[in-house]
Amino acid sequence: SANIVLISRAFRHQFIIPDFQGFTKHIEDFYWKCKSNTEGKVASYIPQLARMNPDCWGVSVCTIDGQRFSIGDVNIPFTLQSCSKPLTYAIALDQLGADCVHQYVGQEPSGRMFNELILDYNKKPHNPMINAGAIIVCSLLKTLVKPEMTLAEKFDFTMSYFKKLAGGEYLGFNNAVFLSEREAADRNYALGFYMREHKCYPEKANLRECMDFYFQCCAMEGTCDCMAVMAATLANGGICPTTDEKVLKPDSVRDVLSLMHSCGMYDYSGQFAFKVGLPAKSGVCGGMLVVIPNVMGICTWSPPLDSLGNSCRGVQFCEELVREFNFHRYDNLKHAANKKDP
Amino acid sequence: SANIVLISRAFRHQFIIPDFQGFTKHIEDFYWKCKSNTEGKVASYIPQLARMNPDCWGVSVCTIDGQRFSIGDVNIPFTLQSCSKPLTYAIALDQLGADCVHQYVGQEPSGRMFNELILDYNKKPHNPMINAGAIIVCSLLKTLVKPEMTLAEKFDFTMSYFKKLAGGEYLGFNNAVFLSEREAADRNYALGFYMREHKCYPEKANLRECMDFYFQCCAMEGTCDCMAVMAATLANGGICPTTDEKVLKPDSVRDVLSLMHSCGMYDYSGQFAFKVGLPAKSGVCGGMLVVIPNVMGICTWSPPLDSLGNSCRGVQFCEELVREFNFHRYDNLKHAANKKDP
Amino acid sequence: SANIVLISRAFRHQFIIPDFQGFTKHIEDFYWKCKSNTEGKVASYIPQLARMNPDCWGVSVCTIDGQRFSIGDVNIPFTLQSCSKPLTYAIALDQLGADCVHQYVGQEPSGRMFNELILDYNKKPHNPMINAGAIIVCSLLKTLVKPEMTLAEKFDFTMSYFKKLAGGEYLGFNNAVFLSEREAADRNYALGFYMREHKCYPEKANLRECMDFYFQCCAMEGTCDCMAVMAATLANGGICPTTDEKVLKPDSVRDVLSLMHSCGMYDYSGQFAFKVGLPAKSGVCGGMLVVIPNVMGICTWSPPLDSLGNSCRGVQFCEELVREFNFHRYDNLKHAANKKDP
Amino acid sequence: SANIVLISRAFRHQFIIPDFQGFTKHIEDFYWKCKSNTEGKVASYIPQLARMNPDCWGVSVCTIDGQRFSIGDVNIPFTLQSCSKPLTYAIALDQLGADCVHQYVGQEPSGRMFNELILDYNKKPHNPMINAGAIIVCSLLKTLVKPEMTLAEKFDFTMSYFKKLAGGEYLGFNNAVFLSEREAADRNYALGFYMREHKCYPEKANLRECMDFYFQCCAMEGTCDCMAVMAATLANGGICPTTDEKVLKPDSVRDVLSLMHSCGMYDYSGQFAFKVGLPAKSGVCGGMLVVIPNVMGICTWSPPLDSLGNSCRGVQFCEELVREFNFHRYDNLKHAANKKDP
């Protein structure tokens, strides 16, 4: 059915990027330019991540009307890690509403490291894009959304949500990563207990189950191709562009994009918002979700990370993109006609 | 000549807000709704601010094509205070380029109070919207832009820049406020010396002169009407909508709006970006510059401040505005058709 | 045999406090003066502590030559809580030597709350008198001292050490307190995991066993009478004054007293060292060990605590004591003859 | 007259160190042992300090009955720097009483760097041995003690106090150091203004005068010989052993020694108290005052500093001293007979 949607649009000449072929030429150029960037180090705190090939590099694009392009290692599965944070946050918003969710987690950049042992002045984690906040979001999903579900059922529930965001494309689960993460998670357990001390969880939350659920969400696997569709669903206000299914409410998507914009790139978030001006979320796996609202979703993947934890090639790709195109949030101002509209 | 521009546009039916009268009805409604809000306290750290009338309340709007509307106390001058920060930053960007300016000041929300004695991990102030960063920006203007100018000449230079942003409308200087601010500025001097210890200033900067210059910029006076034009110049990519003069480069405006978006509302910045999603800057005077890119500039003024230092009525006004209209950064997503386009 | 020691000394007229009866008159006076102090609140984070009677108030004294005096509730058992910290530290020093122990834990006051989530600049806990340091000390006892022992055997080993310090007097174990502490210990688990992340433990340490061992040491029970003997053993350089058994090496005792002096009274340690100038350790149970080197050991017990966690009556008692007697570390200076030598 | 005192004591065979010659043999040994220590770096933040010869090394001893011994560079003047802090604190205590002084400054080790921009939870500087606290002490001396005096008179007043502590021996003033310190004092000015913001000063204090007074106290000059007498005056409860003049009250001396014990060696204070267990105060000049209560005062001087700001040779000397002799606070416990009593 996705094909029919696409074909009908093609006939009506309504594509958001009229010259898609011309546009993909640029994407290819950026791809090869970034390919030669060999900076950064692969995450090494667990062996499964340490074994990732630093040469892997893939970019997938999916427009809000379902046009797609991909280049490089776009079909190799990698674990979502922190790229799952905006997704679990989106589900929580959709199921519980922003008022409920933000009783438990703030909306401010923390100005500190992603795993800092610190809460905001309301004794809540600063935002859902850092570990503390994402653990709380998982506890909300586990405890407040269909609380009768077992952990297994809740995992299925979440994974099928993720799949809908991805238009049904490949999603897997890497059990070895899950087990290793759980083993290596001293800081996350410290955070978990610290927050329980400060009564950050909803009533009846079981700390160990919430932590397990959080590690399981981080250990889900996707490919560049499938995650570009997820990003496109966000770009498209919550409707999956390849299936036309309404997966998230527009209000939920607005809130997710707001916080990806301000907090999605660890301690580089402020500079990324300044230079690139697009909502994005990176993970220790080297993946990066990038959303161009009302235009397209992008996923890049390359394991080597800079000192702040973001994919070196991914960040460079975004910078190339906004250097050429009119995608920066505040770039398409009147009278600022020196960049291309694709 | 401004009139000619306006009239010609009117003839061509090209106004950005087609039904301006209908729109101003809503503005009036919001105005009266906020008028009854009596929360907050007038700043009291210097007598000149403490004497401000808490009942004062004005709102001015200026679209990028020069349509204007104002209501309430829009002609009473008040000192710019922190509302001057995005303006001096804009001049510095325009005169020195972003690369030069950001050698000295960062782009990250600080996650801390506006006057915190702390620098980022590069030993630079976090951003130009907090006191430390604004003092550095003033030192750049003083030391690197036309360094041959005396302090008096540099003040004139800056004020005439501000006037161009305001389309030539009223701007004054409140010497009593300047003197009082300078007297009461223990924290700012602490910041000033702390940054000198960390070699934050450009070479040859004279700390005392830079501080004086900073206090003088804070002590300039404007009205809601004139500052709405300033905000509109930012909304219009740097071209003043009432004079059609190109005052700032679009790139400078992009950077100013990026940082107003992420850091303009003190410790409430993250929540404001989340809820309202517009670039804005508030000051201890109770004034607030709000920019709707490519649409309009707004200035609100009401002295009572909430505990974080933002004008209570001003913040409420913005929340009313985005509740009704499609102005939130991530609100005008495809398929999110439940709000009005004015 | 203790009696024989005592009697033989009595015959030889070698008591450290020649007019013991006169001295105990003063102790009685102080006791009644403090009895009327009804400030403070009983610890309430677990029900077993919350149920303690705020009126309980006991003082026991034991000189280094075994003269004893006690008044009030000196035979009611209470859990040692933090009063166990100098004792486990003493055993670790005695068994492993200071060099080994202080590879894992520092000697500096932390300048912060007793349970702060922070390590010193060597990534070690600041000292053995705060929770983090005491947990590490327990992990050393468990892992490095007779590692072949099971947890049960190690507990017996430790308890019998404590008993020797107390001259064989009553020591018990409160299992309900142990279980409740373990249940309520979110902050301690956060500390535990945070330290494991920073590799603070000796190799092969099992975090959960170490935590259990720590909680068990805190849940041992003593009376004022028995704990005064413990304090007297410290005052006597490690030889129990009632049994003449050499329990600790003098070097170990020196180190314990040094850190009780600087870090034993939570965030009040500096002021206590300043005003009272004696090594002491307080616990959340309301108990307090006080050592007058070469003279005597004292134990006070009164559950109501001040805001920093020290027994209100206990602190007052010490202040009364040094106001009258020449016990402050720097009080018995030449030419400072205005206080009594007992 | 000092000689008469000394001679009369000598006749009465009442010297505190009976075999003084034997004792000085050990001092000589320690001296030569430390001489070969070439670790550390001379302070370089002002040229006058940077020019100090790293080979300089002197040790002076003065017992409480006036026996003296010195070896090495004991007659070269050096600026007191932080060694002045316990002295100004002593004068403030003596003139104003501890209650008054400690309304303005705390008694706790700060657990942080000596010049940290931080106040304790009462918004007071942590103690008089760190910069913030010493500035406050100077403001008390300037503003509350004989407030009618000019700055020049107050300087004379203070210097003559210092001279009395030193038994009238050489004290000078290094104006070049004073001027350089004042010039290089960004952090101290930051501290100064930060404290004024928090109303840390007594009423009517003039910040600039207080800072000048503080820098002047730091720029006074002494020699090892004269400063050993100062330390001996403290060891002797406030009576200068060479003149028999009562310079300070015993209570003032007690408080000074308490805080030298816990806070005198910058961030090494806790470890120094643990290992050496003697009140001491070091300065950036490489000087170090060491007090053995009721026994003697020592001054060591050697410019090279370790990373925490203490004289490398000075610290080593103290460690040698307590390794051999029974001087550690908790070393002379009963049954700890393995060290020498000199």
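Order of writing sets the labels: A, B, C and D. Residues in every chain begin at 1.
What we mean here is this: contacts are C-beta pairs under 8 Å (C-beta built on N, C-alpha and C of every residue); 3 or more make two chains touch, one makes a residue touch a chain.
Owing to the predicted nature of the structure, the values given are computational and were not obtained by experimental measurement.
**Student:** Work out which chains are contact partners of both chain C and chain D.
**Tutor:** none
**Student:** Need the CA-centroid distance for the pair chain B / chain C, whole Å please.
**Tutor:** Once rounded, the distance between the two centres reads 59 Å.
**Student:** Just curious, how far off is chain D from chain B if you go by their C-alpha centres, in Å?
**Tutor:** 52
**Student:** When the C-alpha atoms of chain A and chain B are each averaged to a single point, how far apart are the two points in Å?
**Tutor:** 33
**Student:** Using the touch rule from the top of the page, what residues of chain C touch 2 or more other chains?
**Tutor:** In chain C, no residue touches at least two other chains, as defined above.
**Student:** Pull out all the chain pairs that touch, please.
**Tutor:** A-B, A-C, B-D, C-D
**Student:** Note which residues of chain C are touching chain D in the complex, please.
**Tutor:** Residues 64, 106-112, 121, 126-127, 235-239, 246, 250-251, 253-255, 257-259, 261-263, 267, 269-271, 273-275, 277, 279, 293-294, 328-336, 338 of chain C touch chain D in their complex.
**Student:** Spell out the residues on chain A that touch chain C in their complex, using ranges where they run on.
**Tutor:** 117, 186-187, 189-194, 196-197
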